[in-house]
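Which chain is which? They are A, B, C, D and E, in the order written, and residues in each are numbered from 1.
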Amino acid sequence: MTVGIEHYITVSILLFSLGLLGVIVRRNLLVIYMGLELMLNAANLALVAFSRFNNDLDGQVFVFFIITVAAAEVAVGLALIVALYRKRRTAHVEDLTLMKL
Amino acid sequence: MAQLPDILFYVFGFLTLACGFLVVLNPFSTNPVTSAMFLVLTIASLAGLFVLLHAFFLAAVQILVYAGAVMVLFLFVIMLLDLPAEEKRKVRTAWVILGVISVGGIVAISLRALAQSAPVSEQTPALEGSTIPLGRLLFTQYLLPFEIISLLLLVAMVGVILLSKKDLK
Amino acid sequence: MSTLTYIVGWPLLGALVLAFVPRTFRVVIRAVALAATFVTAVLALKVFVHFAGAPVSPAGFRFEQQSNWIPAIAISYHVGVDGLNVGLVLMGAVVAFAAACASWEIKDRHKEFYILLLLMTGGILGAFASLDLFLFYFFHELALVPTFIMIGVWGRGLQKNYATFQITLYLSLGALIALAGLILLYIQSGANTFDIPALTSYLRQTPMASRSQQLIFPLLLFGFGILVSLWPFHTWAPLGYGSAPTPTAMLHAGVIKKFGLYGLIRVALPMLPGAAQDWAATLSWLALGNLLYCGWVAMRQKDFNWLLGYSSVSHMGFVFLGIATLNIVGVTGAVLVMVAHGFLAALTFGLAGYIYQQTGTLELENLGGLLRRLPFIGTALVMAAFAGCGLPGFANFAGEVTVLFGAWKAFRLPTICAAWAALIVGAVYMLRAIRSLLQGPLPDKWSEVTDTPGLWRKLPFAVLLACLIAFGFFPRLLTDKIQPDAGRVVQAVKTDRTVVQSSPDGQPPSGLARN
Amino acid sequence: MNVSLLNHEWFVIALALVILLLDLWLPAKAKPRLGHVAALGIVLILVYSVFWVKAQPGQTLYAFGQMYALDPLALFFKRFFLVATLVVLVMSVEFAGSLESGVAEYYALVLFALAGMLFAASANHFALLFVSLELITVTFYILTSFQRARLTSLEAGVKYLVIGGLSTGFTVFGIALVYGISRKLDFGGLATASAQLTGNKLFLLGLLLVMVGLGFKIAAFPFQIWAPDVYQGAPSPTTAFLAVGSKAAGFALLLRVLFIAVPAVTLHWSKLLIMVSAVTILYGNVCALPQRNLKRLFGYSSIAHAGYMLLGVAALSATGQSAVLFYLTGYLFTVLGAFTVICLVMTQVEGEDITALGGLYQRAPLLAVTMTLAMVSLGGIPPLAGFFGKFLLFKAALARGASEPAYYWLVLIAIFGVIISLYYYFGVIRAIFWGKEPQLTPIRASTPVTISLYACALGMLLLGIFPNWLLNAASDAVKGLG
Amino acid sequence: MSIALIPWVVLFLPLAAAVLITLFTGKNRELSAGLSIFAVVAGFGLALLLTGVNHWQTSIETTTDWLSVGDLNVEFGLRIDSLSTLMLLIVTGVASVIHVYSWGYMKGDAGFSRFFACLSLFTFSMLGIVLANNFIQLFIFWELVGVSSYLLIGFWYQRAPAADAGKKAFLTNRIGDFGFLLGILTVWVNLGSLNFGVLAQKLGADPQALGATATIAALLIFCGAVGKSAQFPLHVWLPDAMEGPTPVSALIHAATMVAAGVYMLCRVFFLLNTTALSVIAWVGGLTALLAALIAVQQNDIKRILAYSTLSQLGYMVMGVGLYAPGPAMFHLTTHAFFKALLFLGAGSVILALHHEQDIWKMGGLRHRMPVTYWTFLVGTLALAGVLPLSGFYSKDALLGAAMEQHAYGLFILGVIVAVLTSFYMFRLVFVVFGAQKRSETAGHAHESPPVIVIPLRILAVFSIIGGVIGVENVLAAHFGSTRTLGLVGQVIAPFADAPIAASLGLLAAGVGFFGAYSLYRGAQSDPLPGRLSVMARWMRDRFYFDELYEATVIRLHDFLAAIAAWIDRWIIAGAAVRGVHGTTEIVGRLLREVQTGNIQTYAFLFALGVALVLLFMLK
């Protein structure tokens, strides 16, 4: 059986869900953040695959944007986590429940 | 009779997912460093898949930017904060189950959708993700988003400086 | 510009002026408020007197004015009066003046109070004068909101907060349901206008589908009904009036409450004739809920203001009954009762407010023998009580008896129960109140209670009583104006009567039951 | 290609850069005043926008291929964002004392976010949608956690970051699927392509995931979860900007995607939109009921208002769309007026409990009146903007009821929601007028803030009493929508 | 002055007086009284003038529209015919006398002006009933007399019994009015008019016009009379009404208002059919008997007279029921004179004894108050039906009517009542005026001033001659007979027409007198309770009607009210309104528990939301 677009998308979906699962079940902010990166990467994979099989480059350009944005987001996010850690000495989400209800 | 690219797809695909799984749920270690390392591996495997898809430039970018820059940033922060291994606290299995159920739902629906409406693909994909056409597209049709991305990076820069500056005031 | 515009405009202008008067100028503030309401009342009287001679539009309206407002969705500033609302405008203006006079009891934040009072006045008069569905609703809300604030800020009693919230939420609910009904009316009529005369005539030419009518009528009935404390949506009324400052209770119970009834007559009946017929029987029983049930509840009240609140709810039953008759006698009577009850409610709440001011309580058990200390207030209260239980000579009687005559033609049992409520139940609780408040020995603690010191403070009560008596003696002043337009409304309902066979005069069907 | 079509954006970016540069040379004491400079700049841009930029109803001008579209809808939103930013900037100046560092950067970031919104308003391509959305979101991460001495601010930032990242993930994945199936990323192409794809599950899945991202932006159920915490924790001007600007950007994109990119699909989505709208209204209002923290209250209330506006979207008609625009405009004046007051009050009183408003009427009548008007307007009571907005929304939804009775239920639920909301809005008013009076020092408001307060109050009244012009503008704006 | 104008003036003079007193002359007592007296005396004068000019002949009707809506046309019109003229004369005449008397009786009372204002209001209302030409107007004034009566009974409002009595009177009357109004509605719906003349014409043309509703309509209208004229079973208010000042009792609760029911029945006699009339007759008879029995065992001077009034009203109603409206009106006329006289006499006694009303604390007043005594005696004789006083003639006419209709049961009943009447009245006279004083105050009593005594004398004269001054002729003419008798004819008429009735009537008076004479002459306490035991107690306790009503009607209504109040408080305001409110609040509190503040939860809910949306759309 030849590997087609479905295979790539299946991998992409599974990777996406792994990332999502990470966000949901992990409690360390950094790991949660890694989960988010996984989700973005899953999207990247899907885009590249589609780009290939749709035979145009738009998808790849989009991936380029996503990677850049992800980098920017990571930078801001990590800075934020660091600032928080300095203040609160924790990266556990369960410790971040000042505001609720 | 499987061809080489197909075999490679299975190899990289498996690697991607397995490493991805270990990022998220490593049964042996909850240390963020481990997660980060497996994330690097995931990204690398993804780059492999990109190559299989003839997206050579992106594969390079993936390695350089992601594995190189972003993940280094992650590790740097982990080291900087000297984070201990994650939760010593009780793992709430109920929580995990709930999470798995909802995620599983999404996966199930997505896969079913995929199965029901398989995307039509060209039989002979001829696209080459090389630098020149990509660059041309980026600086013509996609010029505006590209410029906005630069703005975004500026914002991120300002933000990072503001958030991590040691002295207040 | 139409005189009506001035009638609506003066109080609003007064409110605006007051906003710029420093709060220390108490006398000026009061004078401005009184002047604005007085001028309004005089203008309303002028409209009332010149009604017959004024030029009439084809749709039957006088003193009309129509100007563009929101042309984008066919909403215009359109005011005018016909027989149905000319009395209400007059009543509203007079009661507003009386309420402004009675506002002497407000001691703190008087500036804000008068501003709100004037807003209320302008709003409700605008609502009565409006000939555009949107404007109609808009003005009413303008009048309603100050009520909430006034009860909240200047209210009294232990349940003040609960009362404020309940009345706010309850009445807003009613208003919004009615709004939904009005919007649907606009949409499903297909006339693409909010203009009441235009819409009415359009719907007479091309009546709405039965399904639409059945959808919209209940919305209007219960939306407006909540605003008028239709049983069983009435519990806000005694609670609210029990906690409201006197002028607010006067204006709300007297005037603003009539909005919903007016809406039913002006909008629901002529525009939704088929549904009106189907709902008439139900409405007549709900009206009994007001008349009889609330009358009974009133019998058990221990606080005079609560008693008045239930009594006011009970009286609304007459109007509902009159509307449910769908004949000219009943509808005319309903309008008559609306006007009469406006004066009466304002009067009773005003008097109760005075007594509260003097004694600090309205618990019936604590009071007694006050007539001796309060000859004027007491006498006025006795007269008001009798007007309340339908004594001839007061306007209420004319209205109630007309309603009963109309109702008798439409249905038997509800009318009998209504007559029982009117003659017996009403008298029981009113006389009981008089007995407990004014008669019997005077407890020592009330020996310092004093009657109204001057003419000025008697004025509001005197004016209201005078109106009650004037219309009681000469109801034709009103009925001659109301009748043609009530006829128009009834005609609109009747012409749609396709299922119910038209019956010869004097031998009506035994009830307008569902077919 | 006509680059001058993007003048709004260029000017705003230039202004932001100027502010950043001026920051380098200005003495620390003068830095807060930069906000006024920025505001002045916005005023000039607004003047430019109103007097020099014209857009014919139903006609669209494109730039950068089909990437960027300038049509009346875009222009409407651009002016909307400019006004919102103006008020937020003025507000920020008052708030500057509470920012530990980087006052000038704060202004610049607000302007960058504005640039993102301006781009979003014109987005006609998923790439532009994505980057402008990200520009807004990332900027807001920073704006939210700006008071990094306050733990709540940081916490809010983290929460916004994680949930925002999540929604970005969904959006991107959705875009990938949409692209994969339809082979199109530009809205024009998508509109034609999507007509054949209304039954394609994967395509619909992609679109729904894009909707998740937009739903997050406007805080619609079930993606509203972040709103209360972030609203509460963020600095007040940020919250205001979040409530108005970010939400409006979400709606601008929502309208564009639903009615320009995939109108054929949207036609089948009335059930979903009705459902989401109804639950959002109920959730926001019911949860706000026991709320005592003012900003958190606004968080819940903003969820509810997103629900009302979704009601207009759900109507799937031009009247519904224009009603959304009208409502948004009213909401702008109302919420910004309220937040200006909160800003001024909260800098003086510790804690954000409603009781902090006690005695406000004695301390600052103008603030009290503005706040009251805002509450009344949010409650949907005439003669204020909120009422007319709700009137239009209800009208639009009811108009569709004849063919789909679910709309009747939706309106009924909305009415119920309004009633509930009156309870807590009046609770605020009660605190203002007859709450306990913790202190009676008068609150001094600078001239610009006073002006902006008057403008907000006037805006609420004007839209309520003379809504015609805006109504016309709004219906012109939606002429190009499907 | 046009004749047609006269009744209008007569009607509105008292109203003007009432308004003027209320608004302006409240402080000036003499002026108030003067105004009031002038209004009624002038009315009497004008009524005489009207009679003189009109000679009972033509009927005049002047109307104006009061209310006109659709097919409901309510006139405000005055109808002058012989019936109303007669009643006009009685009302203004008796009222004039009593107004004057009141000046003396009420002297020194704090509410002097108020009293006259109310009295004038009453006169106005009563005249309105008399002159009304249609049902609604009649009903209007019907209600107004009810109110005036309420105000006057409760005149001393600070005394709880007075205030309660007023309330009771009004409410009981209202029950009657309830039926009355329904009757009016029935008549209107079926005949399309409210005007008496028009109605009479329509029924004359087609006696079956009312169809099946004829009886029910008639009985409903009779309800009004039952209330106003205090017939069984609504008679309970009248004795209590004696809490009012005595002139009020005389004018309202003896001479005029309570007679309005009878007047009304005569006015609408054309509406009443056979079935209804027999019911009416028996109700009247029963009332007469019951009241007479009760009167025998009362000890309060005014209550005795009140029950006597009830009894006599029963007579009149019975008369109407026996197709004898003329005799009924005749009795009404004579009764107005002698019952007013008796009440005023009683008032004189009460005043002399400083408001002592227990007859067993009186005694021996014959010598101390001679004028009062003699006039009271005249009244008693007239009431007992002793020849040739007025009472004899009118009562005989009623008994004769019973004979004529072959209603022997009612006839016997009438005779028994006559015996009882004579008995309790002479009992009263013997106990109050005979024997010795039984208390100190009785010993110090002395004759009342002229302003009180002169009215007594005037009324005494009319009580004597009232039977033979032509009243019967007028009535006969009105009700369709052409018989006119001269003075002598009138004197001997009873014996000429119905000798058995006349002689039995006289015999009854004699039996009653001797019974009273034997039992009460010189008695210090009532001997009857000992002899009649249980019966006497029942009579004294008024056959427990008040208690019965207390236990049934009032309790039932209170019960309904309590239930309604309970439902209102706990079900509607409580469960429904507060319930919705509370539930919403609770839901809010529960729902926001979702907002745990934990990012993990948020992420989970977010994902769950996505899953749900996808499930909803793509399932």
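What we mean here is this: contacts are C-beta pairs under 8 Å (C-beta built on N, C-alpha and C of every residue); 3 or more make two chains touch, one makes a residue touch a chain.
All of these numbers come straight from a predicted model, not from anything done at the bench.
The minimum number of touch steps linking subunit B to subunit C comes to 2. The chain closest to the protein's centre is C, with centres computed as averages of CA atoms. Compared on C-beta pairs in contact, B-D and A-B come out with A-B as the pair having more. Centre-to-centre separation between subunit C and subunit D, using Cα means, comes to 42 Å.
Each chain gets one centre point, the mean of its Cα atoms, and the points for subunit B and subunit E are 101 Å apart. If each chain is reduced to the centroid of its CA atoms, subunit A and subunit D end up 26 Å from each other. Between subunit C and subunit E, the centres computed from C-alpha atoms are 36 Å apart. Touching of two or more other chains is recorded for residues 95, 99, 102-103, 106, 109-110, 112-114, 118-119, 142, 145, 149, 152, 155-156, 159, 163 of subunit B. In subunit E, 592, 595, 597, 599-600, 603-604, 607-608, 610, 614, 618 are the positions where the chain touches two or more neighbouring chains simultaneously. In subunit C, the positions touching at least two other chains are 169. Chain pairs that touch, as defined above: A-B, A-D, A-E, B-D, B-E, C-D, C-E, D-E. Within the complex formed with subunit A, the subunit B residues making contact are 3, 5-6, 9-10, 13, 16-17, 20-21, 23-25, 30, 32, 35-36, 39, 42-43, 46, 49-50, 53-55, 57-58, 61-62, 65-66, 69-70, 73-74, 77-78, 80-81, 83, 86-87, 89, 95-96, 99-100, 102-104, 106-107, 110-111, 114, 118-119, 121-122, 125-127, 129, 133-134, 137-138, 142, 145-146, 149, 152-153, 155-157, 159-160, 163-164. Contact residues on subunit B toward subunit E in their complex (touch as defined above): 95, 98-99, 102-103, 105-106, 109-110, 112-113.
On the side of subunit E, the complex with subunit D involves touching residues 584-585, 587-589, 591-592, 594-595, 597, 599, 602-603, 605-610, 612-614, 616-618.
Contact residues on subunit C toward subunit D in their complex (touch as defined above): 69-73, 134, 137-138, 141-142, 145, 148-149, 152-153, 161, 164-165, 168-169, 172-173, 176-177, 179-180, 183-184, 186-188, 212, 215.
Within the complex, the subunit D residues that touch subunit E are 158-159, 162-163, 166-167, 170, 201, 204-205, 208-209, 211-212, 216, 221-223, 225-226, 228-229, 269, 272, 275-276, 283, 286-291, 420.
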